[in-house]
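Naming follows writing order (A, B, C and D), and every chain is counted from residue 1.
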């Protein structure tokens, strides 16, 4: 860390900053420039909040040289993490597809999608049983009954299951029925939940909060790894910007950024980002071209009667056509699908 | 709700939309214009997701005429809600101040602040015992021990206590020790938590998520009221924008907007919004001038050694000076303090 | 346009709104619902500012059913506009590449890039002669001398030339030397400039303002078309969001959105969006996969000594390798390159 | 400037960075830490683009210690700039009010407002003659005829005049008729315009671009001062965020931030920020409480028939009532009005 003292800083202020840094176990090096004095601090910055230093009297600027996360960083683990779920691996050469309805509504509905998912070569079935809804008055999901349906249908087709967890109290139920626990965007900084997910031994897919920076997102993943669970996938699902034509703005450039900073796989969810069916295929293709390790796609046998997010769900034939196209794109960027 | 059919919509599409609306219990009125056909739907839209209609085939646009919230709206309850906490009322003519340290560190620390808070005429002592921290490696709060300290000190000075709740499992502990439960910005859409807070009988202060729209914020408050708890205060604490000079951008215009849309009191937290001590007093004055019903302010006896957010905490004498100035501003806009 | 009167609107207010709409030449249809009264207005809304109606007494909401632009819309012209520049067409099946240095520095520099551009099969050479710089103290471009260099080099290699125009006074100079005039992001709403560009007869590439909505962007293009110049290309170059890891957030979903709303071609500039070399190739591939009609890419023979934006310029061999990869992606989505 | 080399940087890379910095006339100091090597560069950084260094091979991070602006900074000129316009001073103890209609429509209209403005104790009359409109089809202003009206009316009432300049070609006309030239938000980075305004000898009011950072805004002011014109006022008018309830988000915390960084006066325009009449008074009060040096307020004798922005214009009696209230707020924060 480099602390830049302001032009008017006096010796007392400089000494206060230096002693504060030493108190934190850091060794401090002072460098007197013509215009300014700079303090370099070396050591374990893990417990340090840079802001606490930045605003000490006399301090002009503070530069954190090391990043605040550790276990998720590629510096800590150079080789990419490969998460294995059922017959799929995420994070290697293969691009994994997780497809299914937004919410589980009935066994018939899930079955119709699962047939297509299995036939398309995908290995993971998605479906929500606990739904985070903005309004207390809309459909909140089937709960455990939805998970039972997902499991039964998935088993019939040799698929793995991913579903969302909303609260610490539901973790044991999810653990019982699903293969991957998904943390939704609104819970990305629900630290109590993240902490508990660090204690389980199933893969977690951590969606990016719709206003979370990449660094905050990695810090949330760090909570899970710090608890002992290393099977974490990150999932970009669109960020909130001033543009309102679509639901959110899909930030595809986060894919190569994360692959540089972290060893964790990056999945992209184009369905929630764009919110409207006909924009899903081009953005799914773009995600694979940008290097995504997986896709999370909503498919529904009858989107027009879906209980939630029907507008963004692909029809089954659309999905099948998309998979063919994705295969071509994957090949063009040296991946398989 | 008004559904505008696109220029190319055919009869089958129009009928599909109309029958879907009728299925939801709405009565539908059709109006054939020269260029377009419009469907008006009247009835209870509470359970309707506008997006599900917007993307039906042939639909060009959908306009929700009624708002998605009900219990929190001023249309539902024209008179302002006044929340009573200890000796203070929030939502009436008086502007309430809630002051104290970011995190409870020790009884000595809280005592030093409480003396000033009580002397300044404020009635509510703030202090965090469970802290939501971005990093798993930084100070996470004293937990229940912190709440005990807060309670003891507050009781000595005749103050009420407000503190943050992070998870559904902590609610009973908070209920035991504090007078107001605070929901932090990162949990504004933790729907499991909101639902549980609807069942308790203590006031809740709901902070705005740093990227939440005013409508989403009101919907989150609706969760609590829908559960039966009407003692809700809203608290603006800065939103995330492209400007990074300060921590967040304090959105003071939300104050008059909410006072028009809702009967709930609006509190402003300038300390977290600006993140740096010397910008707190002008923004606190601005908040009162904009019509805020209360302020949440961080004060610390020794900010430079605070375990969290020291940079934004006022020194005790600064706080006392600010209160004098706030009194003048309140008077200028026909409020008391 | 639909005007929704509030629940408490009285007859005088309704009549005032209606007569105001009639004054604007619109015909007004009134519909009395159980809860609310709605006015439908039909006619030419081109000169109407919706906001002026929204805030009349008694009005609750106003919904513009038709869009504010006309000439740029696909409703007005269903077939895609194809812009022809030298040997390239932009807007058809072929994906066009425009490549070159950020700023023209010398004939040697431009020559080195032009060789590669021509060899790679691209037809258009880019290079800035008038540079919009945030600081008055940094390199501002070679001016007309730069344009002369560009022209000479391009002619030697059979390439067309694109360069930026900063002010109405420079238009005649640009017209003399270049084939496509580029409007930079900071000038997207320089209406005096747009108006003048409507009078020329050379293609214009209009970059999206870094905080412009898609609708504002289309309205700026409308200025040019309204002046009589139909050869307009739109160019996405990243938008400003809260994420600061890269320079801007490339909004690739605008590509399919614009292709639905407008007949104008959409070009993507990944270099300015990401601002750092190694993220350019994945985002260029993603742009083509998303359906972009063209790419604007910075290439420099010696990026490390470039006078501006060297960090985002590809080395010549990197550029050549990228073109090969882009060809595969284009093929996978039924385009050529 | 501090350049932090990455852990894997080799000697050749370090030397390349160092020699590049020396080429720019900087003196370079090297400091070898246990984990990393840091280069400190001292000298005139005015012409340096930090990004060009950040992406050299081996570089991990670059920290600019000095700010990129000079003439506008308080470090350069500690005492506040006071701009004198007619009978008003802006930047001293007095808070200046500039009021008038959005657009000049007729002499009667301007007269009606001017009477109230003069009576309220304000000294500056605002009114647009050249209007920047998003649509080419809406009212674009009366041009020079509008300026003549403004001048005549203002002279009758002893008021000064402020009006907007849209293009370099209009500067001489504006110079002839008005006392203050206003640069609109959309032109904040029209560098050709800023450069020309540096050559005139009348005060300039520079509005913040609705997505401009404070630093970019100060850099634009630097263009004007660098040209020799020191009479510059900054004007906050709302920034673009995700919140769409009002037109923009008024960023009042920029007021104390700028007063710390720069000696230039800061004016606030609540009318354009909120876009709706009844939110203007609370935000005007908040602006003064936050420390603003002036206000720009829209007033219209008949807002409901205004040709532009009627919804945000105060009625004359509302304006007069607001001025009384503002006086109280000003007094509470030790200012006069």
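We take it that a residue touches a chain if its C-beta (ideal position, glycine included) is under 8 Å from a C-beta of that chain, and two chains touch if they have at least 3 such contacts.
Predicted, not measured: the structure shown is a model, and the values here were computed from it.
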> Which chain maximises the distance between its CA centroid and that of subunit A?
Replying inline: D
>> Per the definition at the top, count C-beta pairs in contact and tell me whether B-C or A-C has more.
In response: A-C
> Taking each chain's centre as its mean C-alpha position, how far apart are subunit A and subunit B in Å?
Replying inline: 26
> If you average the CA atoms of subunit B and of subunit C, how far apart do the two points sit, in angstrom?
Replying inline: 39
>> Just the number, please: Cα centre separation of subunit A and subunit C in whole Å.
In response: 31
>> Two or more other chains touching the same residue: where does that happen in subunit C?
In response: 211, 240-242, 244
> Can you list the subunit C residues touching subunit D in their complex?
Replying inline: 16, 20, 46-49, 51-52, 54-57, 68-69, 132-139, 166-169, 186-187, 189-193, 195, 209-211, 216, 219, 222-223, 226-227, 240, 247, 275-277, 304, 306, 308-312
>> Give the list of subunit A residues in touch with subunit D in this complex.
In response: 2, 4, 7, 29, 31, 33-36, 38, 40, 42, 60-61, 63, 65, 75, 211, 240-242, 244
> Where on subunit A is subunit C touching in the complex?
Replying inline: 211, 213-215, 239, 241-246, 249-257, 260, 273-274, 278-279, 282-283, 285-291, 325, 328-329, 331-333
